[in-house]
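Two complexes are shown next, each including chain A; its partner changes from chain B in the first to chain C in the second.
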Partner chain A sequence: MNTAQNLYSPYSTSPIPDLYEVPERIESEQNSDSSTRLIVNKENITEAIQATTKHIPKINVALPFSKPLPGKFQLLQLWEGRITQINNEDFSAIIVDKTHPEFNDELVTIDIEEITPAELSLLQIGAVFYWSIGYADYPGRGRSRESKIRFRRLPGWTKKELNRAIESGKKLAAYFD
Partner chain B sequence: MSKYKKMTEEASIVLVGSFNPAIFHPEWLLRHDLISEDDIDINKIDIVHPDLSKFYFDWLAIEVIPSKFTARTNDPSKYSPLRDLVVSIFNILEHTPINQLGLNLIMNFSISSEDDWHRIGDTLAPKEIWNASLQNILSLTSLNHRVGLKSLSITTKRNDDYDGDINISIGPSAVEKFSVNYSVNNHIELKKDKLDLSSTEVISNLWDKSVKMAQNLADTTLTEILQ
Partner chain C sequence: MQLTSTDIEYCIPLQNEFEISLFGPGVGECIVAHLGDNKWIIVDSCCKPKSKEPIALEYLNQIGVNPSESVVLFIVTHWHSDHIRGASKIVKECTSARFGYPSALLKEEFLKLVSAYSGIPNNRIIDKENSGTIEFAKIVNILFDRCESNPKYKINQLVPIQSDRVLYSSNVTNANVSIRSLSPSDKSYHNSILEFASLLPKQNEMIKVIPSPTKNNNSVVLWIDFNITQALLGSDLEETNDPLTGWTTIINSPVRPHGKASIFKIPHHGSENGHSHDVWGKMVNSSPVSILTSKIGGQNSIPKIPDIERIKKYSSEIYCTKVPIAAKPKRDHTVEKMFKVIAKNRTIIGDKIGHIQIRFSDMSNIKVNYQYPAEKL
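Our next item is the complex of A and B:
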């Protein structure tokens, strides 16, 4: 379970199983002019690092505990929306019910005031947002019922994704020819 | 009425590979437009160092060591933003070597009575063999020496196109007196999968299903025991 999240157990006296090894030092070769160099190049970097670090004494360092995040949000309803139209004071969007996927998609109009000022720049036709309603219980704030809209933030397409799309397009074009 | 109730839930994405922890800083995320100015207002940096980076936002915690990246949230309304953030980070850092990934959900359930709470432990780990062994070796006879389940882990191979396992752990939770912790680790070996997909493509494909599966697993296990 190398990729499991470590459980927070502050009162446990058991040794922490997930230790990671830190090399004490990286060995290198001595050049004729007394300078040093690592035996690494781009082609064999993995093998070279493994070879050079094989006999280096390691120090085991305990992973820091993952403290629980404070507070909780009890989700009552979640929609994913896509903006279809923007007006002066409101915008229209098609929302998909993520809490009850069996429900039909709906066209809604939402006041622009519902959006936090820091995300107004993301308000564009086609933008995707998550709209949630639930109870927020955070230390010092008590319980409050919150409706939150958060826009999806994704950088542009990667080269690999573009190539995959082009390939897929070519296959479809060949099929319909 | 249900005999158990979910109290808290925490989702995390864990990547195992080779990372440069010093890159991971709230300002770096903001510069790439992966978080909002609102997020940066409530951030707490524990440490950003070449060997360890650890910081929090209101809804998110990020921890990175040279061999492991972890991003987690305890806000179920942010599970999709968590996925988007991790996918975006590693689309930008597309040459980061990643060998394994884990899509995890940790849930804590409050159990309606002490009897039901014991029933979960007794059903999953029958105590006869332990009572017999402990009585023989330690001469424990009284009820004060009741044997209890501390932790149980179950693993099964995946049944989809990805190589890896589904690992489940269950045990008492520290959140409340009669409560249970249920963790699901959806583990994927990236180098061995048959689809030649990048870590970000796998996360995009599996995240929603993985969360739903973990929630269904917990519900099925507890309902089966407590019905």
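Our next item is the complex of A and C:
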């Protein structure tokens, strides 16, 4: 059974689900220095803590969609790119055509704005990304052209991998020495 | 007397006729040289964009030379991807050739790096097509197999290179030829070892394409004596502020050749940081045939116009495997429209390979042939 929470779909008729309980308003009083502070009974601090923590919102983890958004993305073109240079507003990358492998590589400059903020930390020289262009067809929105850049995420180097490389390098060097 | 033509000669040179052919697709470089008596040397490698085959092998086959018999020496001047693409195929096919490499490349630090990024069990590696370490890993595997099957291979066929070493010498009728390495210096060797060690990834570090090294001071520079005509092949060696590395250390070496080269393969695609006034004054004659490859890379493309102007002051004859604006690939109309919206600048890398062919028997009779997109500057 899939217990994942159904996320909000703009096309759904059901009400928007709360991701967390909305906390009750915590009373506050105005200080003379115009800052605010919580009213806490110092003689019964335990109760105060319990009362306060009771209102800490319960955060439900947003699990992945159980169903993808309705609609489809028709891929027209895919490149694999690797970052060669990063400037203040843009970055340069060499892109390899995955749709037409016979075409030559190209060096392109792209605005950093094209990268989703969540992936900005992955923007590093040498990082690999995929750039796709296609048609997006979503019910009620018609057809639109979309360009998506997403970075390849690989687990970091493991100790085992590095040790294996170090041992292999040592053995080969001793062999050729 | 110097002749110039835009027709490459697709025939084997005469026994006592020498040749230096320079190939450049825009990103990449390869030199094929005839040492007389149907003996050939290949320096670095690049591939034909469409066939992905090493241009050196294709050219030799085209003019009727059997690479497995006639190539006596293959040198990889450094491990950068633009100089090493297709090199493993050359090593594999040229079974008689000795293999020359900067000595740091078969040391522990570099082999660890190669194993990390390109080891056979490591299949998570990305950027397979473009990595110099992938190509070098293939070479190491071939060398390993050959050493296993022939214990003398290591001593007889592997040529670790540092400065001031004689790599080849022959003395046959009308063809006295010797090849010497002028770099890398001892300090460059140690700098390379340190650089390789610093490039080894650390635990939990994000996996990326191997970072491109910024320095080229481990490159092998070659000096070739063809009878009384000399050639200086500058590889990618740069000038540094350190007297123990780069071009300065070559100029100051008491054992460097004291002739002056008539043919100069300009270092590092004519860039300013590859320039040394002393090299032009002390190692190159006053009217050399200068040849160079370009490196296409958007705003970082070299040579730049000021570079060409500078080189023209030193050399009246300059030929470049220049890659002009290549034809744009024909993609779907929607894709092209979107491409233009997203990409601010766009440069097609590699398209056709420029070829400069210099044939001569002595310095008074040098023929320069070149083929589009190569051109005389």
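In this text, the second predicted complex is superposed on the first by the 93 of 177 C-alpha atoms of A that agree within 3 Å, B and C clash if a C-alpha of one lies under 4 Å from a C-alpha of the other, contacts with A are read in each partner's own complex, and residues count from 1 in each chain.
The definition used in the following text is that a residue touches a chain if its C-beta (ideal position, glycine included) is under 8 Å from a C-beta of that chain, and two chains touch if they have at least 3 such contacts.
All values reported here derive from a predicted model rather than from experimental measurement.
Once chain A of one complex is fitted onto chain A of the other, the partner contacts of A:75 are limited to chain B, with no touch recorded for chain C. Looking at the shared chain after the overlay, A:90 reaches chain C, while chain B stays out of its contact range. In the superposition on chain A, contact of A:173 is made with chain C only, not with chain B. Using the contact criterion defined above for the overlaid structures, shared-chain residue A:152 touches chain B and also reaches chain C.
Of the two partner chains placed by the overlay, only chain C lies in contact with A:100; chain B stays clear of it.
Once chain A of one complex is fitted onto chain A of the other, the partner contacts of A:130 are limited to chain B, with no touch recorded for chain C. After overlaying the two complexes on the shared chain, residue contacts for A:108 are found with chain C alone; chain B is out of touch.
When both complexes are overlaid on chain A, the residue A:162 reaches chain C alone and has no touch with chain B.
Once the two structures are overlaid, the count of chain A residues touched is higher for C than for its counterpart among chain B and chain C. Overlap of the chain B and chain C contact sets on chain A: residues 152, 154-155, 158. Every residue of chain A that touches chain B in the complex is listed here, in rising order: 1-5, 7-9, 11, 20, 22, 63-64, 66-69, 71-73, 75, 78, 80, 116, 118-119, 130, 132, 134, 148, 150, 152-155, 158, 160.
In the complex of the two chains, the chain C residues touching chain A come out as 49-50, 106-116, 119, 121-122, 124, 126-127, 129-130, 140, 143-144, 147, 154, 158, 200-212, 296-300, 326, 329, 331-332, 334-335, 337-339, 341-351. Per the touch definition, chain A reaches chain C in the complex via residues 76-77, 82, 84-85, 90, 92, 94, 96-97, 99-100, 102-111, 114, 122, 124-128, 131, 133, 135, 145, 147, 152, 154-159, 161-162, 164-166, 168-170, 172-176. Listing the residues of chain B that touch chain A in their complex gives 7-8, 10, 12, 14-16, 32-38, 51-52, 54, 56, 59-61, 63, 65-68, 70, 72-78, 80-81, 84-85, 87-88, 91-92, 94, 100-102, 104, 106, 153, 155, 167, 169, 174, 181, 183, 185, 187-188, 198, 200.
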